[in-house]
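Chain nomenclature is as follows: A, B and C, assigned in order of appearance, with residue numbering initiated at 1 for each chain independently.
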Amino acid sequence: MSFLLGEQMTGGYGAADILHNCSIGVEKGEIAVIVGPNGAGKSTAMKAVFGMLPLRQGRVMFDGEDVTQLKPEERVVKGMGFVPQTHNVFTSMTVEENLEMGAFIRTESIADSIAQVYDLFPILKEKRKQPAGELSGGQRQQVAVGRALMTHPKVLMLDEPTAGVSPIVMDELFDRIIEIARLDVAILMVEQNAKQALEIADKGYVLVQGHNRFTDTGEALLANPEVRKAFLGG
Amino acid sequence: MTDVLNALTLLGNFLIIPGLTYGSQLALGALGVTLVYGVLRFSNFGHGETMAFGAMVTILVTWGLQSVGISIQPLPTALLAIPVGILVTVVLTLLIDRFVYRYHRERKANPVIFLIVSIGVMFFLGGLIRFIIGPGDQIFFDGTRFILKAREFKQMTGLDEGLSLKMTQAVTIITAVIIVTAMFWFLNHTRTGKSMRAYSDNENLALLSGINPDRVVMITWILVAALATIAGTLYGLDKSFKPFVYMQLLLPIFASAIVGGVGNPVGAIAGGYVIAFSELILTFAYKKVVLYLGPESMELESLVQFLGTDYKIAVSFIILVIVLIIKPTGLFSGKTI
Amino acid sequence: MSAFYQQYRNQILFSVMAGLLVLVAVIQSLSVSLTILNLCLISAIMALGVNIQWGYAGLFNVGVMGFAALGGLAGVLISMPPVSEAWQAGGFGILLGLLITVGTVIASLFAWSHIQHLKKQRYWIIAGIIISGYALLRIFFDPGVDAIEAIDPSVTGYLGGLGLPILVAWPVGALFAAGVAFVIGKIALGLRSDYLAIATLGISEIIIFFIKNEEWLTRGVKNVNGLPRPVPYEIDLQQAQWFQDWAMAVGMPVDDASAVFVKICYALLFIAVIGILLWFSETALKSPWGRMMRAIRDNETAAAAMGKDVTWQHLRVFVLGSAVIGLAGAMLTTLDGQFTPVGYNPLRFTFLIWVMVIIGGSGNNWGAVLGGFFIWFFWIEAEPIGLWLIDTLTSGMDPQSVVRAHLLEGAAHMRLMTVGIILLLTLRYAPEGLIPEKKRL
């Protein structure tokens, strides 16, 4: 069984289900990417794993424990980190305060963790006294990821981390994400830029209308002509 | 030269000192309104009555202390009673939150519903206060009345105009400075304070970071109760305590908060002084000042006053309207604490 | 039982209300009951006005008192005889002042729209125009005011009115309120919803201050007494032969009969007004326009996306509702026969009306009317009931007891607390009110 696994998930916000029997999983130190067309339920699947969507069927297993009934904030305590797509930083607070807030549940000293985040994202150290709302889009995403890292999560979930940033910044962010995975963190992310994301992915999930359509390694999906034609623009 | 000094003294005595005093009272009141707005996201119409309630408890304790002969001359005994007033008001606001606001918060009610609920609370508190202490004027000031008397100032300086400083004015301004400093230190340098700011900035992200919303709400009410009690007591010491007046204070307090940018504590404080000084500047009769500064032979029929003193309340409204037209987000564009 | 209640709810609730009024007529007196009824009717109209704003459009108006007072002012300005000495003494200054005010407003508006390109400076230019206009105004206005207020201050000391029948004041009162509502709405609508609340709270306070202080217009705290009536005077009735015969026939003393007769006349007038208003409001609610308003209220964003000008529709509803409140204000002054500026307090005129609407059932006109009746009835009767209650509860205590004396003294404030508690309980346990809004498609 995977380290984190959303199994046979079925559910939605109202009467109609958005997810149908959808399964998503990721191992420690691995990067798993969810791709698919608009409205395929990519973000919904991620939210379901994190407990932000009521499930009618299926369960979520994390580190050998059934966490299906836990609230998102309780899953954070268990070791899951989540970076929302938008509104993912405290805009009125400085970069450093954002990181401090990320570590709110921890009672021990957090100086090491902050130093670690600054090592990963050196630009944040420079801007640490600046309100996060004044940073550029790419820098904000770095703050958002850094904030989620402050809890020392065992799994980091990212909802479209590269939305609205330039290609150069995107490459840089992906590099950082690979670095984070090397620290033995499981990474699950939803991406709009399917091609680039699959290139760094150990595992890829192609969702269509809430169903699992293809599941394979990133490499294999990139090589699959059907996937290429339908989802990667040839 | 003496004429200029006389004119300045006149302004100091009737504009600057009263403006600082009244501004401090408004600032403390607006700070409470802004905290509720920033964290709980509604305009709290019950704030005036919370101030009155805190002041009332303080007065009752003051009377108790006075009757057993405890005092802290030359300071007013009320200062000694304030902690008790704060404590009782904290208990009250927490009870009200538990039994009134929490239900609507859990249902994620519309802010306007919260506003109406706060009006219900206002009624209830208004009745409670009048029931306990009555609707009349209560004077509870004791201690030394003046720190500097106008007559002494004249003797000291030889000027025609006097500058006086009342004990209540000095107490108000100094207390306000201490409280505001402590407040900002708390918000910017403590973990709890920062978690309040984080919650106010982005509720969902605060939850994801493991910040406990119930705790943030509780801390907020405790701070609001403390601020309200202090503001209410200082106002009562300086003017006099009358339940109805506190309801009328609601308008200038809201105006202060909005002018500064609702939800922004720095804005609330700046707003308080802006409103207070505007009120005084626009309703002050400049006749004597003009006579001092004008040529020797000058005569004036009019009082040289922009607005009659009766229209004090209109000033905060006019400023509010101007801000709403020109910059509805307020001077400090606030939304979060 | 509950199905029966559901089906005949309105009839049952209104019958209970009627029963309460009859009870008062029996226990206290018919005259007291009719006095309560008349004020119930006026309260119901005010509640209708608030319901138009809140129930139809979700607008939160905390300035009911101000709009009601404007209506009352119309009563004075329309019906009182003009004071010609005052007009001669200061009329010119006042008229010139008015002209300058209008001129300043037009000049600033004109300048505003023509100097958009000046960015920062335009604020200073506008401020300059307003300040010089204001200074000019004071030069001509102040002597006029002084002259007017000097004329026989104990009797007149003001300009008086137009000497027209007081019924004319009712629509004029509505117009006054509508005018002020337009300006306030223009400023505060379209911003955050609580800004309207705070702006209306402010304007109503200012209207009251204005009315209390501008003695040349309103006599201020000296009150205006003896407003003409739309119905006969008791004294005339008592002397009329036909009335004496009628009183004899119903077996009442002539004095009592005349008082009752006058109150019934008022009641009939008010019922006519309420009938017309209800008919209009119900028709409007059922019309396509009413449907659109509800759509806007329930989902502003969606309605705006569908191309509805939300702010403009809100402004219309706000003005309409305020006009109804102004009308009720004029009616109240008519009933009182006098204009007493100190009588306007926000608890009684703003918040009580709100409680009426919410308890009656926001969004439902009949609910607002019922709420107006119930709450006014309660407001009036709570004091004797509360006093009786405390008297009974403390009857075991020593009559000399300080606690008992304090409790009896405080009984008057019980209703404030009770209204607050009722409001909170309603919002929590019955947010739809006594008569919930009809679900329409």
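We adopt the following convention: a residue touches a chain if its C-beta (ideal position, glycine included) is under 8 Å from a C-beta of that chain, and two chains touch if they have at least 3 such contacts.
Just so you know, these numbers come straight off a predicted model, no measurement behind them.
With every chain reduced to the mean of its CA atoms, the largest distance from subunit A is reached by C. Top-ranked chain pair, ordered by C-beta pairs in contact, is B-C. The innermost chain, defined by the distance from its C-alpha mean to the mean of all protein C-alpha atoms, is B. Taking each chain's centre as the mean of its C-alpha atoms, subunit A lies 46 Å from subunit B. Chain centres here are Cα means. That of subunit A falls 58 Å from that of subunit C. Taking each chain's centre as the average of its CA atoms, subunit B and subunit C sit 31 Å apart. Considering their complex, residues 42-43, 45, 100, 103-104, 111-113, 115-117, 119-128, 130-132, 134-135, 247-248, 250-251, 254-255, 258, 302, 306, 308, 310-311, 313-314, 316-317, 320-321, 324-326, 328 of subunit B touch subunit C. Of all residues in subunit B, only 191, 194-195, 197-198, 201-202, 204-211, 336 touch subunit A in the complex they form. Residue ranges of subunit A in contact with subunit B, taken from their complex: 72-73, 76-77, 82, 84, 87-93, 97, 100-102, 104-105, 147-148, 151. Listing the residues of subunit C that touch subunit B in their complex gives 58, 60, 62, 123, 134, 142, 187-188, 191-195, 197-199, 201-203, 205-206, 209, 212-213, 346-347, 351, 354, 358, 409-410, 413-421, 423-424, 427-428, 431.
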